[in-house]
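One structure is given below, encoded as structure tokens.
Order of writing sets the labels: A, B, C, D and E. Residues in every chain begin at 1.
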Amino acid sequence: MSILNRQNKPADMKARKNLRNIRLLNRKKTDPGQFLFTGTRPAEKLCIQLFRYDETECREEKDLKPGDIEKFTEGRQKFWLNIYGLSDTEAIADICRKQGIHSLVIQDILDVNQRPKFQEFEEYSFLTIKSTVPKGNEQETEQISFVFGSNFLISFQERVADHFEHLRHRLRENKGFLRERGPDYLLYTMLEAILDNYFKTLQQFYRAVESIDLVGGDSEPSPAVLEQIEKNKKEVHFIRKVIIPVKEFALAVEREDTPFIEKGHVKYFFEIKDLCLTLLDTCDSLLASLESLANLFFSVQSHRMNQVMKTLTIVATIFIPLTFIAGIYGMNFTYMPELDWKYGYAAVWAVFVLIFAGMIAYFRKKKWL
Amino acid sequence: MSILNRQNKPADMKARKNLRNIRLLNRKKTDPGQFLFTGTRPAEKLCIQLFRYDETECREEKDLKPGDIEKFTEGRQKFWLNIYGLSDTEAIADICRKQGIHSLVIQDILDVNQRPKFQEFEEYSFLTIKSTVPKGNEQETEQISFVFGSNFLISFQERVADHFEHLRHRLRENKGFLRERGPDYLLYTMLEAILDNYFKTLQQFYRAVESIDLVGGDSEPSPAVLEQIEKNKKEVHFIRKVIIPVKEFALAVEREDTPFIEKGHVKYFFEIKDLCLTLLDTCDSLLASLESLANLFFSVQSHRMNQVMKTLTIVATIFIPLTFIAGIYGMNFTYMPELDWKYGYAAVWAVFVLIFAGMIAYFRKKKWL
Amino acid sequence: MSILNRQNKPADMKARKNLRNIRLLNRKKTDPGQFLFTGTRPAEKLCIQLFRYDETECREEKDLKPGDIEKFTEGRQKFWLNIYGLSDTEAIADICRKQGIHSLVIQDILDVNQRPKFQEFEEYSFLTIKSTVPKGNEQETEQISFVFGSNFLISFQERVADHFEHLRHRLRENKGFLRERGPDYLLYTMLEAILDNYFKTLQQFYRAVESIDLVGGDSEPSPAVLEQIEKNKKEVHFIRKVIIPVKEFALAVEREDTPFIEKGHVKYFFEIKDLCLTLLDTCDSLLASLESLANLFFSVQSHRMNQVMKTLTIVATIFIPLTFIAGIYGMNFTYMPELDWKYGYAAVWAVFVLIFAGMIAYFRKKKWL
Amino acid sequence: MSILNRQNKPADMKARKNLRNIRLLNRKKTDPGQFLFTGTRPAEKLCIQLFRYDETECREEKDLKPGDIEKFTEGRQKFWLNIYGLSDTEAIADICRKQGIHSLVIQDILDVNQRPKFQEFEEYSFLTIKSTVPKGNEQETEQISFVFGSNFLISFQERVADHFEHLRHRLRENKGFLRERGPDYLLYTMLEAILDNYFKTLQQFYRAVESIDLVGGDSEPSPAVLEQIEKNKKEVHFIRKVIIPVKEFALAVEREDTPFIEKGHVKYFFEIKDLCLTLLDTCDSLLASLESLANLFFSVQSHRMNQVMKTLTIVATIFIPLTFIAGIYGMNFTYMPELDWKYGYAAVWAVFVLIFAGMIAYFRKKKWL
Amino acid sequence: MSILNRQNKPADMKARKNLRNIRLLNRKKTDPGQFLFTGTRPAEKLCIQLFRYDETECREEKDLKPGDIEKFTEGRQKFWLNIYGLSDTEAIADICRKQGIHSLVIQDILDVNQRPKFQEFEEYSFLTIKSTVPKGNEQETEQISFVFGSNFLISFQERVADHFEHLRHRLRENKGFLRERGPDYLLYTMLEAILDNYFKTLQQFYRAVESIDLVGGDSEPSPAVLEQIEKNKKEVHFIRKVIIPVKEFALAVEREDTPFIEKGHVKYFFEIKDLCLTLLDTCDSLLASLESLANLFFSVQSHRMNQVMKTLTIVATIFIPLTFIAGIYGMNFTYMPELDWKYGYAAVWAVFVLIFAGMIAYFRKKKWL
């Protein structure tokens, strides 16, 4: 990701890294009956949005108060309750309890460090997954939870994001089948939107990988490049890990009569599974590329070292013997006949030139030059 | 592959690399009911070819228009509809809808970044696989989709290729069993032709691997060679990955009563499975060879380094002490008795020669020379 | 862990390492009917604590003697018997025999080098797991065993620790559901407490990993850093290995009607499984980070070497030729015209400066400077 | 293997390597109904040998013509038809068709690049495996196919080999149970003989591995040694791969009522499975040894490099300072008081000796000398 | 193991290595009906020992002759027949045949290169495993086979060893349950004793691993250390491989009604499984330690190289420029004003000292000194 913009202040990257770690580990003993929000983001205001719709109409209610929400009654109309901002744990717990949601599920919704998971209950099913949004050159990860029954879908998001804007538009304008079909079809379109965002994130990684040119250039690659490669590997691994449970959910839908999913819609979840498999393939291929880059990195590092050593060897090997010869005729022996020869000096120069040329030829032959 | 022709402009290679990546990732939100062609190749003209055949006759219709095609009716005659060029999504969707093909399948046919897959429907089965054609020193990959029922087979190819020319010939000339047997047998012969092309592709890789000679020669291997090795590894991995679903399709046919595949023809799909296993073995063995080459590469790199260092060490170790001795007798002390000896100069030369010879003998013993 | 405080005396670390190893291997042939405590900790005093509780009351008895304990009779009241200190094997065996616990189970309780395991018997179930407590910058590992039936839970700990203080508090104050529900719910809260301690331990590892800065700084990283990385890898692997059986116990509860676990409480053990999976994910991610650090370590080591070599090469390459030139004009030939030129000395200096500047420019271009 | 005789011309090795590769890839489109022999060995003459035997007699017919062979009729007598030389595809196909063998099986017999496989038909079973014979320091690989029914066994070999000479001897002399028991027992003895040859081949590899002494000796190991190690790894992997299907065949016999294998003989195929497992263990252990050697190779290479560098460092570190001191007193300053001291020259010599001895002591302490 | 005593003559180690290899491969074609002992140890004298025992008495017969042994008849009394020394194949075969043991089992008993295995027959079960005894600093491996039925156990050992002395003592003194319970319980105590010996062997490996100190000390580690590490890895892998079948035997007992194993004794074989799992864990942890050591070895090797290079670089970088300056004033130009300055010589010394101090400061800053 951030290979692209190395001008980023490293402090930021470290901060982000800390963020994820703490999120994974921020678990505290609470008193029984109390709920804990484990996110680290500064509190987002709670924001509740309700769509009541059927084939003929679609009513939208913005900025509801938690008190306004009643138990969704079975009936002709379908409901989509969209909730952003989870830091007000009491309000969330209140809404959930009204819909008859179990307290363990409420804790799962609030614990954003959850592994993605799927659980079935008598009156509803519960699904929680991670989503990612590329934001500038960084990616942001948030947890999205879904509680859905025969005629309602409740979605919980950590903060206001535009994952589902096109779906709201389709609901309002009655495009596609959203209003005809049940909340399970709505869930499918949401999952598809979330997975499509992963494609965009992986595309950024691809571009980052391609922008690394280890072989070209003369200078030795800095270990910081390897650090970036290793960091990218870890992030792709993270994406891989959060997609697998989505694939498993789709497989579960494909295999059996999951409650609240119409038989005729199973083929759409088959598509979800295919998307997951393609994403996993892409992750694997990215990881292989990153592994290759790491190998290449070490090779280029050795290669540069080799070139440094060759430079030293060539210069030293040529001039050390020459210096020795010059040293000989710098000696102060009384009896040194060569010193008095008329062409002695010229002869020494000839020897210098001969040795120099011979060495150059030797190195040329060895392909060191 | 392209190890063979390193004279290739690197720009081209990069372009090709980009191509595959973008293909893998080129997914966009479309409006419901709209189809998207995800290929990157400049639009190939749509080209439709129909064979109607039975034991007694075979009628061939070239360059049909989409409008000319009707629903294939059950009957004595068998049909093979061969379609090249997928960029005109509307025409393709039109043809498919006439045959009663589901819109998700149509999208799968047009999305050439699909993972190979097999799906069964009530009236037809759907199979999509990747094929590869060696073209010069490069390989070209395209997606081929098959929709087949009890008396028809429709094949979709990204562009005009000569995979199946020998089959058209056999149909026309009534060679072999093609005209006697159903479209499942035709499908078998097509899969066999596609897999045979993989053998040719892998053979090119073998030749490329064998043309790399790391141990011979004097010069240090360039990291570009390692880059090529890593690139080849990735391409063989890609081939491995697209063959596995074909093997799984063949296994599925072998195990159960797949609809539209005659029981008596199952043994042919057993052959397909064997071909896939042999291809996978060949991939594994290629990958092992490439891994060995990478190991060897690092060793040869170290070895060359060692030789450079030895050269330096030998020259420096011989001449530095000699230069020191010459330096001693270059000193200007008033009282240096050796300088006035008659054979002082000759004695110093004797010392020089002795040290030189001793050093050479020492290096000989150490096998550095 | 101990990356944080390298000032630790290595002797201590070695001692600790020995401790674990010997614990794993300290198995001796005993006479039949004799029990062996395999811990290495200096004997902890046996300490027995009994809670008898139901919805209405909770009686606590501290510092019981082994002789005071009778067989728990079936009835309205529930029992929690908490035993610290296992070195008095006879007393432990005595207590266990009174409860009808099989001698193989007694040996398992006393053998603190056991792999975590779960066994079902007719009258009770047996579970043994490892717990870890961060203590300063070190972690301490101990074995905790549970024997539980329909109305009692017996826990065995190697030494007095504060794992369960909050549970005792809840029992006394009747907070939460502890007193209403059976000993299986108490077991769940205990397992949760133990797993939460693992989160704290892993958090210490994370901090240790983040405190290693290989790329910054100028000096070569010492192999001691790699030794620490490898040591951390081993410790995380150890944690991974002891969590897996806990996950398997939770899975077993989830799958079938385990005796002594109420059906309505199964969902809590589902939570335990989720905690284990998150812990395992965290271990995997820590291991990947440590692997990356090891890679980086080698790269930085090479890089520092490269810089050393560059320094040598630059200095030698510049001054060796200059020294040679100086050597030439130090020769004592009678006939050396340059020596008598008026600007000979200045010209030589000019040559020196030119070569020096040329070399610097060359190295600048090569980005070695 | 060929580590033993490095005097081998590399050209030969390359040729052999090519051979295997081409064999793996030599697949061509043939016309339907035509058979293709994929071996590369110069055509071996077809040679047919027939044993008709029962408890009382054994008639042997050598050098039969394809035309002489009739369909084996059910009866008291058992038949073993042994065929060498597969290049005359028409004759082979002819013999096979007479016995009612399916054309796909005929192609499998002729395609010597087949993966080992086992197939059951109504009237016979088909098994094809690879055998290896050590020949000098090389190993030769050939494919052996078996078609066996209730009273006959047909074996196909690429060329005349002495795998089964001891069996012919036992048949003729009525030693052991060969003549009493059915062709399934004959098949068992043949498989045993083939597997025993693998033991001999692996023994050669063991000897080759042991003959490599990397640590002893002074000279740097050549990358050619690593190339041999990598080559051996590939060959052992090849053997591993061809033994696995034999193990699976034996497992299949052990598990179920394979037709044409008597229940009472199943325990012999259990032995075959054990042989395969021991062979696979031996391969694994050989591969581990070769991996260790490769690791060691890199270490020894570094070690030699280190020794070269130490030599350079010691000589340069001692003499460069000494040369500098000699240089000082070679300066031509008018005012240099030391030059005129009486014992100046001797003092300088004392300094030389002191520095020299100090350096030697330092290197001794560092254990570089 | 032998890391501890490097003073061992390498010849011995090689001999031992050869021994194992040959044992693995020493398979020869024998005539049918003939048995082959595949051990390499010089023939151990056959030694037969019989215990007849029940709750009330225990009769021991030493040094029986093969002829003395009859078929064990069903009855109140239990038998343990202990046989040492397998080189007299005819005597062994004779004893076995009397007990109705199948000839394939006899060959398995004599073939000490067998993989550990378990086979059930109608009248008895057959189990063969490897045992190891630490002997000085070496370990000795031998094969132990068990044939056991409802009231008898026959054990076959390659040579006299004291594995089971404590059991003989318990039988004689009627300690524990040995005499009360059947031969299956005796088998359990024997397996336990054998596995306990593995713990001792692994403890030796642990001590050997801990005695390697790569980071401390100044000298470069020799490749011989790596060779030892790799050798230890291979030996631990060997132990791992022979324990796995024991675990599988125990699992088989745990799962189903194995004949000749009482239901009530199954829990003891559960203990055997646990012992195996702990041994396997210990092996894994040893292998991880050895892997870490190998990594560390390479790092320390590089580190030492780095230190050698730094020494060279520091000395050369300081003195080469100084020598150049001395060279300048050694030139013989007629016109060199500095030479005649009064403080010229002192000034040059000042320059020398300045450069020297500057260089030292620079290296200090770089932390090279």
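Keep this in mind: a residue touches a chain if its C-beta (ideal position, glycine included) is under 8 Å from a C-beta of that chain, and two chains touch if they have at least 3 such contacts.
Computed from a prediction, not measured in an experiment: that's the story for all the values here.
*Asks:* Which is the least count of steps on a path of touching chains running from chain B to chain C?
*Replies:* Each step joins two touching chains, and the minimum needed here is 2.
*Asks:* Can you name the chains that touch chain C as well as chain E?
*Replies:* Joint contacts: the list comes back empty.
*Asks:* Compute the distance, rounded to whole Å, between the mean C-alpha positions of chain A and chain E.
*Replies:* 44
*Asks:* Taking each chain's centre as the mean position of its Cα atoms, how many Å separate chain B from chain D?
*Replies:* Using C-alpha averages as centres, the distance is 27 Å.
*Asks:* Quick check: what residues of chain A touch more than one other chain, meaning two or more?
*Replies:* Within chain A, residues 298, 302, 305, 309, 312, 316, 320, 323, 327, 330-332, 336 contact more than one other chain.
*Asks:* Taking the contact definition as given, in what order do you meet the chains if you travel the ring from chain A through chain C?
*Replies:* Cyclic order starting at chain A, direction chain C: A, C, E, D, B.
*Asks:* In their shared complex, at which residues does chain C touch chain E?
*Replies:* Within the complex, chain C touches chain E at residues 14, 17-18, 21, 24-25, 27, 29, 31-33, 102, 104, 113-115, 117, 119, 218-220, 222-224, 226-227, 230-231, 233-234, 237-238, 241, 294, 297-298, 301-302, 304-305, 308-309, 311-312, 315-316, 319-320, 322-323, 326-327, 329-332, 336, 338-340, 342, 344-345, 348, 352.
*Asks:* Which part of chain C faces chain A closely enough to touch in the complex?
*Replies:* Counting only chain C, the residues touching chain A are 166, 170, 175-177, 193, 196, 199, 202-203, 206, 210, 214-215, 267-268, 270-271, 274, 277-278, 281-282, 285, 288-289, 292, 295-296, 298-300, 302-303, 305-306, 309-310, 312-313, 316-317, 320-321, 323-324, 327-328, 330-336, 365-368.
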